[in-house]
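Two complexes follow with chain A in common, the first pairing it with chain B and the second with chain C.
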Partner chain A sequence: MRFWRVIEPYIGFLLQGFALTIAACLLAIAGAVLLGALTASMRSSGNRLVRGAANAYGDVFRNVPFLVQLFFFFYGLPELGIYIGAFETGVIAMSIAGGAFVSDVILSGILTVDAGVIDAAKVSGLSRVKIFTRVVLPIALRVSVRPMGSVLINLVLTSSILSTITVNELTGAAKIVAATTFKPFEVYAVLLVLYASLTTLLSFAISAVHRRLNRFMTGG
Partner chain B sequence: MIVAENVEKRFGDALVLKRVNLRVEPGEVVTILGASGSGKSTLIRCINGLEALTGGRITVDGHDVSTKAGLVAARRASATVFQLFNLYPHMTALGNITLAPIEVLKLPKAEAEARARALLDKVGLGAQADAYPQQLSGGQRQRVGICRALAMQPRYLLLDEVTSALDPEMTGDVLRILAELAADGTTMVFVTHEIEFARHISSRIVFLEQGELIVDLPTAAFFAEDGGLAVPRIRQFLSKMKKD
Partner chain C sequence: MRYADFTPYDIVLLLQGLGVTLALFIGTTLIGLTIGLLLAVVHHYRVPGCRPVIVLVTEALKNSPVLVQLFLVFFGIPAFLHIRMTPVEAATLTISLNTAAFAFVVFRSGIESVDRDQIEAAEVFGLGRSQILRLVIAPQAAAFSVGPLVGILVNQLQVTSLISVIGVFDLTKIGNILNLRTLQPFIVWAVIGLIYYLAAKTLAHAGGRIEAALRRSVKWGGI
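And then the complex of A and B:
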């Protein structure tokens, strides 16, 4: 089979790239969810300054192309005297960009939390922080899992842009192989399958988390 | 003791509570009656600090609910049961009941759970400790709501129409539990439309009319021809209630 003959010598290299993609995505998903939850909590704060800062972050990073953000960090951080690898820079940029979108989703989850439930938590004497971490956020996350899924899948797709800052993740590896073999069609056919498997797996995982968290809750 | 002095509450231009005075001594069961929109829920929400007063003063055991420290202390002294239960949907019955005892009273988890189970047993829900609110009927949810309030060992129990969302059979279950609590000497401020039940368990009845507390009488006097019934508005209210 011609296809396999073209790909076979490079399959190890491509899978290495795929592993790097998976690592970058897992780290960035964790970063984006943490940052998104933190930002959403700030955006629902009573303090105008805190709210303003969080909104500004969200507005900036949702409204600038990811490629520009990525270059900004890649070339900007060394200017600030911060020297980290391209992979680390990529993960940080993805987390920050993803966090802006995740915060939107979690904030709308927070806004759906029944006011009466919050009243019950207040009169029981729980502190504001406890009300947020034990009642509001857990309910909001349950509502947000599904819409967060599409944000996270987008984040996975965005990871291919890391190839532009010398990270040889899947797309970066593919570019090299395509340039060496002059067989871009075969190479990108492999990528199609790998990316599709990764996002499909992620969407299954998200559905499973959603079902698990919402097993006894209606709505959401 | 809960003391409300000249309490005023405005929502924008609407004056919802007008110079309301009320005292609730330990051991009393005080029922608040009044037509829909007369301000009963608002008064309860002012006592537990969910609404800020726009005039007057409320103290719970001397703690002023309009100060930050006072509100913390006042909320430690009272607990509220809500009309629509307001259970935490992501927690089991046990989780609902133990959250505040663990986080606020700082009880060890095992002790909080043991107490919660004892309360659930008492209201006939011993087998439902691990059920989520969605898996329970309305009456069961409200019984969990009562356990959640009692688990804080409050000196005052505030109840706002806790049976209005329940069908008659479930209402009976919940009212039986409240009657037991009253017999045990639990202090309660009770908003209800169950007139007969109020008559049965209350030591005093107060009547709100468009934000004004127009009558405050011992239960027997409230239902006496020369007492509450001599007030035309109350006579009218009670006869309308009977018809419903």
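And then the complex of A and C:
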């Protein structure tokens, strides 16, 4: 097949790029979920200042294009005297942008928790921190697996943008291969199929996790 | 003479970039929504053989990075078919199809949200297929779709920033130029980000008003 003939000599190189994509995605997903959970708990706080700051963060990073955010960090951080590599910058930018979206999902999960459940926990004498970490969050996270999945898939697709700041992840590697072989159509067509299968697999995995976590729920 | 400072002309440059971004956004939105709507109607009427193709193509568009789609269209198609394509053409084609894929899903679930009983009732009353589509399905599907659609369009507005990578002189590209000239990334990218932010907020606000108006018109007023 012509597509395979074009790609074959560069498989090793593309796999390196793929590994970099996976690494960036895993780190960014971890960062985004941590930041998102923290922001969501701040957004559900009673303190107006805390709530306002967290809301502003979410609002700004959801309404500014990721490319602009990435350039802001990539060109801006060295100005502050922070010299880190393009890969690290990319992971940080993805975590911050992803965190804004994840916080939305987790917040709506928190808001679905029945007030009666919280009252029951209070009556049982649990402290406020315990109530939040042991009662509210487990329910909220369970509800938000599916919407969080689509945010994470989006994050994987976003990782392709790191190629614009010289990170040779999958898209960056493919750009080099396309330029070397003069066969951009074949290379990018294969790349598109690769990303589509990767995200489809991810969505299957998310469905499985959703079913597993909600196995005791009825009607979910 | 130094060219590294900001000049009043930079404002013109920014407005130019904003104009390109908005023009491309509005153009691709109109094309994309039209295609998405057509796909949803074709899907609804179960035209033979069309359903799997539509679902496969839209899923592929939704599940792959827009940047890769842009590269495929801008670098791949001209090399493959030996035709010429300008960056603006490639960007319009790609973003339109991408918007269409997302709009299709919204329109499809909008159409499916209309109760089966209502369609049957309309059939019993002797309404034709196109009458049912226009008078029964469309108003309710529209009210249902506007909310998610606004979310998608706010997202697509941000996606247009990627076209700067294939050389369209949109707002992000202007940011790149100013950044390289002035070497003041904090100011430049903050300003560019602010412009995008305001545009997105305006869009979301307008969408909210349209949604409220549509919902009013379909609300059950009693007999």
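In the analysis below, the second predicted complex is superposed on the first by the 216 of 220 C-alpha atoms of A that agree within 3 Å, B and C clash if a C-alpha of one lies under 4 Å from a C-alpha of the other, contacts with A are read in each partner's own complex, and residues count from 1 in each chain.
Simple rule for what comes next: a contact is a pair of C-beta atoms (placed from the backbone, for glycine too) under 8 Å apart; a residue touches a chain by one contact, two chains touch by 3 or more.
The shown structure was predicted, so the numbers you read here are calculated from the model rather than taken from an experiment.
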Give one of first, second, both or neither to describe whether A:114 is in contact with chain B, with chain C, with both, or with none.
first
If you stack the two complexes on chain A, which partner ends up touching A:122: first (chain B), second (chain C), both, or neither?
first
Kindly classify A:175 by the partners it touches after superposition: chain B alone (first), chain C alone (second), both, or neither?
second
Check the residue A:153 against both partner chains and state whether it touches chain B (first), chain C (second), both, or neither.
second
In the overlay, answer first, second, both or neither for which of chain B and chain C A:13 touches.
neither
Answer with first, second, both or neither: which of chain B and chain C does A:183 touch in the superposed model?
second
Residues of chain A touched by chain B versus by chain C: which partner has the larger set?
C
Footprint overlap on chain A, where chain B in one structure and chain C in the other make contact
none
In the complex formed with chain A, which residues of chain B make contact?
48-50, 72, 75-76, 78-80, 82, 84, 86-90, 99-100, 103-104, 132-135, 148, 152
Inside the complex, what are the residues of chain A that reach chain C?
60, 63-69, 71-72, 75-76, 79, 153, 157-161, 163-164, 171, 174-175, 178, 182-189, 191-193, 195-196, 199-200
Touching residues on chain A, where the partner in the complex is chain B:
114, 116-117, 119-127, 130, 134-135, 138-139, 142, 213, 216-218
Under the stated contact criterion, what part of chain C meets chain A in this complex?
59-60, 63-69, 71-72, 75-77, 79-80, 154, 158-162, 164-165, 172, 175-176, 179, 185-186, 189-190, 192-193, 196-197, 200-201
